[in-house]
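Following: one structure in structure tokens, then a few remarks.
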Amino acid sequence: MTKGGRLSALIFYSFLAASVAPLLSLLVLTVTAAWPYPRLSPSVLSWRYIATVFAPNRQTAEALGNSVLIAVLTTLLTLLIAVPAAKALGLYRFRGRATVKLLALMPLMVPSITVTMGMHFSMIRLGLTGSILGVVIIHTVFTLPYAIRVLTNVFELLGERHEVQAKMLGASQLMVLRNVTIPLIMPGLLSAATMSFIVSFTQYITTFLIGGGRILTIPLLFVPHLQSGEIQVAAVYSWLFIMTTLGALAITQGAVKKFYKSTYLLQP
Amino acid sequence: MKRVFLGISLLMIVVLSAACARPTATVASDNFADALQAARGKTVTFYGWGGSSAVNSWFDDIVAPSLLAEYGVTLRRVPMNIDQILNKLTAEKQAGDVKGDIDVIWINGENFYTAKQQGLLYGPFADRVENFTRLIDPAASDTKYDFGVAIGGMSAPLGRAQLVFMADSARLATFPASAEELLALARANPGRFTYPAPPDFTGSAFVRNIIYEIVGFDAINNVAADKDAIYDIIKPALDFLNELEPYLWEAGRTYPPDVASLDRMFAEGQILWAMSYTPLQAAQLIAKNEVPATTQTFVFAEGNIGNTHYVAIPFNSPNKDAALALIHHLTSVAMQTAKLDVNNWGDLPVLDINRLSAEERSVLQGVDIGRGVLPIDELLRRRLPEVHARKVAIIEELWRERVLLR
Amino acid sequence: MANIKLVDVCKKFGAKETLSNIALEIHDGEMLALLGPSGSGKTTLLKIVAGLEQPTSGRVFFNEVDYTDAPAQKRKAIIVFQDYGLFPHMTVGQNVAFGLRARGEERQQILTKVKNILQLVQLSGRESSLPAELSGGEKQRVALARACVVEPGVLLLDEPFSNLDTSLRLGMREFVAALQKKLKFTCVLVTHDKEEAFMMSERVAVILDNRLEQVAPPEIIYRKPATKKVADFMGDANYVPGKVISGKFVCELGVMPVNEPDTDAALGMFQGDQISLGRAGTGFSGTVTARKFAGKLTYYTVAMGPHLSFKVTSVTSDFLVGETVSVAVAPSGVNVYPLAEESP
Amino acid sequence: MRYYREVLGETSFFISLLYTVYVALVATVVSNLLGIVGAFAMLGLKRESKWPKFFYQLPLVVPHLVVVILVFHLFSQTGLFSRLAWRLRLVAEANDFPLLVFDPGAVGVILVYLYKQIPFVSMIVFGTLGSISKSFAEVAYNLGASRAMLISQVFLPLLRPTILSVFLMTFTFSFGAFEVPFLLGSPAWNMLPVKAYVYYTNVDLTYRAQAMVVNVMITVISIGLVVAYSHAAHLRQRMGNGGDI
């Protein structure tokens, strides 16, 4: 096995390098003013781009706050809907189950612009456009398929026996949920949450159409720079973005770990 | 489970009814002084392209503080592309929603045409803006027409753009003064020239500029906005572009998809020229060390296409008084002067120089426009008008079919 | 066929010791049972023999050749796992053929061997069934066939019958025994079931608390547990403190000849069936305090004074609770352990 | 219906369709292959390598648009690889470096998907692999199987449902996503989502109907794939009961 182990390590670490190294070069870009061909390092460095992004009147803080708030709310709403839905799909046989399962995956299949435009009208009617809630709802549409998929698998694997056992032992609904169901599905719950957080955090068009520009998020700020070729500014936002996501994930995991004192690996 | 969903939707309705206590759309005050008075203490939202740090900085660092100081109006800038803005407005119009989010938009050309056609704009309002009536020449063609579309007071000019070319005088001895010279130069330096593929805004303007060069402005301006008719007229120009193609970058098999890519290729020395719709861009790039200091701006001897960008008020602007205040402020001498400064934006002013006081004129003319650029009067002298917005889309389509996919 | 020798095998998982200094020789063609409670390290030992785990220290020999570092594929030992480990996506035939294909045998030969072995395990005609379609006993037989078909020198059975019903279990035990006679492989059977170990094996190795306590034929294990631990594990041991004086164990129940050195602190052990009860009158007497009738046998608890009571297994069910009975021990049935072992 | 006939009647639609299938298929096949290799490599790692595994997933939190910058920065004709090639005297100037972004072969677009999807595939496959690996590996090694045989005969067949589902997820994404081909694709070769976008943003609002037709086509094809998938999932259920371990 050791030879295989060394080969595995070689493959894995080269993949890892391919994942991480480009992000480091992105870090270099954040301070690169000029980098003429064929130099391997920038010729002129500048803090200007970083200063621009973090200037107090650039709404970066506001956007960051919104991004995190929306991602957290979206994750909560997603789990709130996905857990009962996945449980139903995973444990109970009912007519039309296959269809429902298929429908749950739909938003992944349909181009997001189509879904968003469809929902835009109803959102306007409901007066949800331009509100955090509206944005959270539209994000949830796109996070739900991932969450339902992951959790359905988990419930299918677990079956119902632990909950039934707990109920027979006289546990209340709430106790079953807190002490049995949630700890059991925790790894799945974590990956569903992680996925939801990331998907929500990276939404651009949907935030635009439903948020109507009232709700600024980080992607809204950096995508224009990306499109106009100001890649240094975009790179600064990208790093901010990546660090925030990682930070949020680490905090969530830490909190959950502390709460349940177990050792689940991060598994998005 | 049903009950869970029901609960969630109930919760949503409660939260949302709280969330949507929004101002109703207003009608602007008739009298401008009243409008300014009414605007005090309000927040005005400006929606426009947010991809340029320089432009953003002009709005955030110069316009916003002075607007607040002079008129007590808070500016909120939202970076959003015009096609998305129009999408949003169209959807709101179709849904019958009168309470919008946007007070002022940045618009021109085909988008102005679309917005006007669809009734997405509020107005006419321009005559009610004091600086518009005082400082802007009502007879100027870009006050009356935007890409050949009659404006009729539905938008007010914000700045003037013009297609310019840039090249490094250290690497290119002579700059092409015409399409033919460009062809000769490309032949001599194969793979060193290219242009962004339309529908990129700048690339599209370049193609039209070539059409002007080959068949003349009048020919294309006078033809009907019909695909076949336009093809008949511009065929020599398309032929010219096809003749040029083998000497372009990658032998014309592909084109940079946008002007940003072209700029980058130029900055990294991959190609010999770049182009821009911001005529003073070379000065900015030199100042930021992004291109060599020997970079120079030039245009064709017959002139380059120029256009004007405008601001307008959406039909459902919630704060039309504040919108008028902002537009008034944007067209002030102070703001236009600051805008011209390459350290801020480097955008050409729209003011009529003859209407300015001697003092205002000297302020405006005293602005340092930096190195490597053409003087403003030369730019204005070599400024060619735009064709009708509808023809732009047809020309882009023809370019794609007859040049790109040929 | 093969013999196996384990020399001072130790296994640690992190700081936790799972096996400590195991020295064991398994003879060619033998059926040996590894007996011990769950968690005593039996399965780990099996995996070390098979090469699926590496010992932390110690050596493993097959036919006197050191195989400690040889990969699993090179060994002649095959495990039949407790849960069978049938590949769910392969048919019975494909499962059985797997090991032969791994050995690169020819197709025709594989087909013949698979056919023969399936016949032997009475599964002819089920070649194309998927494991999901089999009963527990059938799955077990597929697993056996899959292991036997590669003609292993050593067959390692990990709790092979624990997932079967009682009735099926007996049948399968005989089946495996017959198979071993026929195919003549060395066989190591891991079990926590004493009866199963005794019935099936020629020798039993008892592992308790990660240590090999005793290796001996079943009767010796039962009648002469080498240590008090083994005696405890056997279940119906009764202890009486006493002394050993010149080859005799002296205790409340009398004086019995033993083959032990003299000591003042000894513990005599009698198995429940080495004590016979009779009508009150002769010898020592006691009172029946509990009685459990279990068919062939009846289990009594007999109190002999305030501190001493015996568990007695008897074929007679005549005595009732509260009855005074006479108690006699078979003199040869005593085992003597040092008393110090009492406090661990 | 008129719009359907109009859109579907154009040969350019079918060229776009084929092109989209090509890009999505290459991206998906390569990312799935490498992702599976990555998952197996992770399996061979020591248990303690928690942090490396964490960082391996980093691309999952990097938005596609940022990856676009990365790919451009690395693979364009003036990118880092071109500079390295120049250093190694493989190219004399930037224009000699092969065109990997904005190219007809859509290499740049595919690279973005690879960067994002390889770790994704790895993580999902590793999840399943982790739950089946140990016991089945022991059985197979014990029966004399080589590593290669274990992987090809045992793991891959058992992973099939998972791989199929990941394959479909990644394929439908690459098939329907708009931003990446829009920013890195060749202007001459439009993938379907870009085509829809071009229709959608045309000044002439009647083109919006065409945009919807293209979107509907994307949806129909994607749904077709999902239906195929759920059939495959059915197959898995039949096999699922056989999992004794």
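To keep things simple, chains are lettered A, B, C and D as they appear, and every chain counts its residues starting from 1.
Note that contacts are C-beta pairs under 8 Å (C-beta built on N, C-alpha and C of every residue); 3 or more make two chains touch, one makes a residue touch a chain.
Everything numeric in this text was worked out from a predicted model, so none of it was measured.
Peer 1: Given the two chain pairs A-B and B-D, which is bridged by the higher number of C-beta pairs in contact?
Peer 2: A-B
Peer 1: Quick one: point me to the chain whose Cα centre is farthest from that of subunit C.
Peer 2: Of all chains, B has its centre farthest from that of subunit C.
Peer 1: Suppose each chain is reduced to the average of its Cα coordinates; what separation in Å results between subunit C and subunit D?
Peer 2: Using C-alpha averages as centres, the distance is 54 Å.
Peer 1: Could you give the separation in Å between the centres of subunit B and subunit D, each centre being the mean of its C-alpha atoms?
Peer 2: The computed centroid separation for subunit B versus subunit D comes out at 37 Å.
Peer 1: Two or more other chains touching the same residue: where does that happen in subunit D?
Peer 2: 78, 94, 183
Peer 1: Residues of subunit A touching 2+ other chains?
Peer 2: In subunit A, 1, 37, 226-227 touch at least two other chains.
Peer 1: Residues touching two or more other chains, restricted to subunit B: which are they?
Peer 2: Answer for subunit B, listing residues that touch two or more other chains: 261, 264, 268-270.
Peer 1: Give every touching pair of chains, nothing left out.
Peer 2: A-B, A-D, B-D, C-D
Peer 1: Under the definition above, what is the set of subunit C residues touching subunit D in their complex?
Peer 2: Answer in residue numbers: 47, 50-52, 71-73, 77-79, 81, 83-90, 98-99, 101-103, 130-133, 139, 146-147, 150.
Peer 1: Using the touch definition from the top, list the residues of subunit D that touch subunit B in their complex.
Peer 2: Residues of subunit D touching subunit B: 76-78, 94-95, 99, 102-104, 182-188, 198, 201-205.
Peer 1: Report the residues of subunit B in contact with subunit A in the complex, numbered from low to high.
Peer 2: 1, 4-5, 8, 12, 15-17, 19-20, 22, 45, 47, 49-53, 56-57, 60-61, 64, 77-81, 84, 87-88, 91-92, 94-95, 97, 101-102, 258-261, 263-264, 267-270, 288-290
Peer 1: Where on subunit A does subunit B make contact in their complex?
Peer 2: Listed in rising order, the residues are 33-37, 44, 46, 48-49, 52, 55, 57-59, 77, 80-81, 84-85, 88, 117, 120-121, 124-134, 137, 205, 208-209, 212-214, 216, 220-221, 224-230, 233.
Peer 1: Considering only the defined contacts, which subunit D positions touch subunit C in the complex?
Peer 2: 135-136, 138-146, 149, 153-154, 157-158, 160, 238-245
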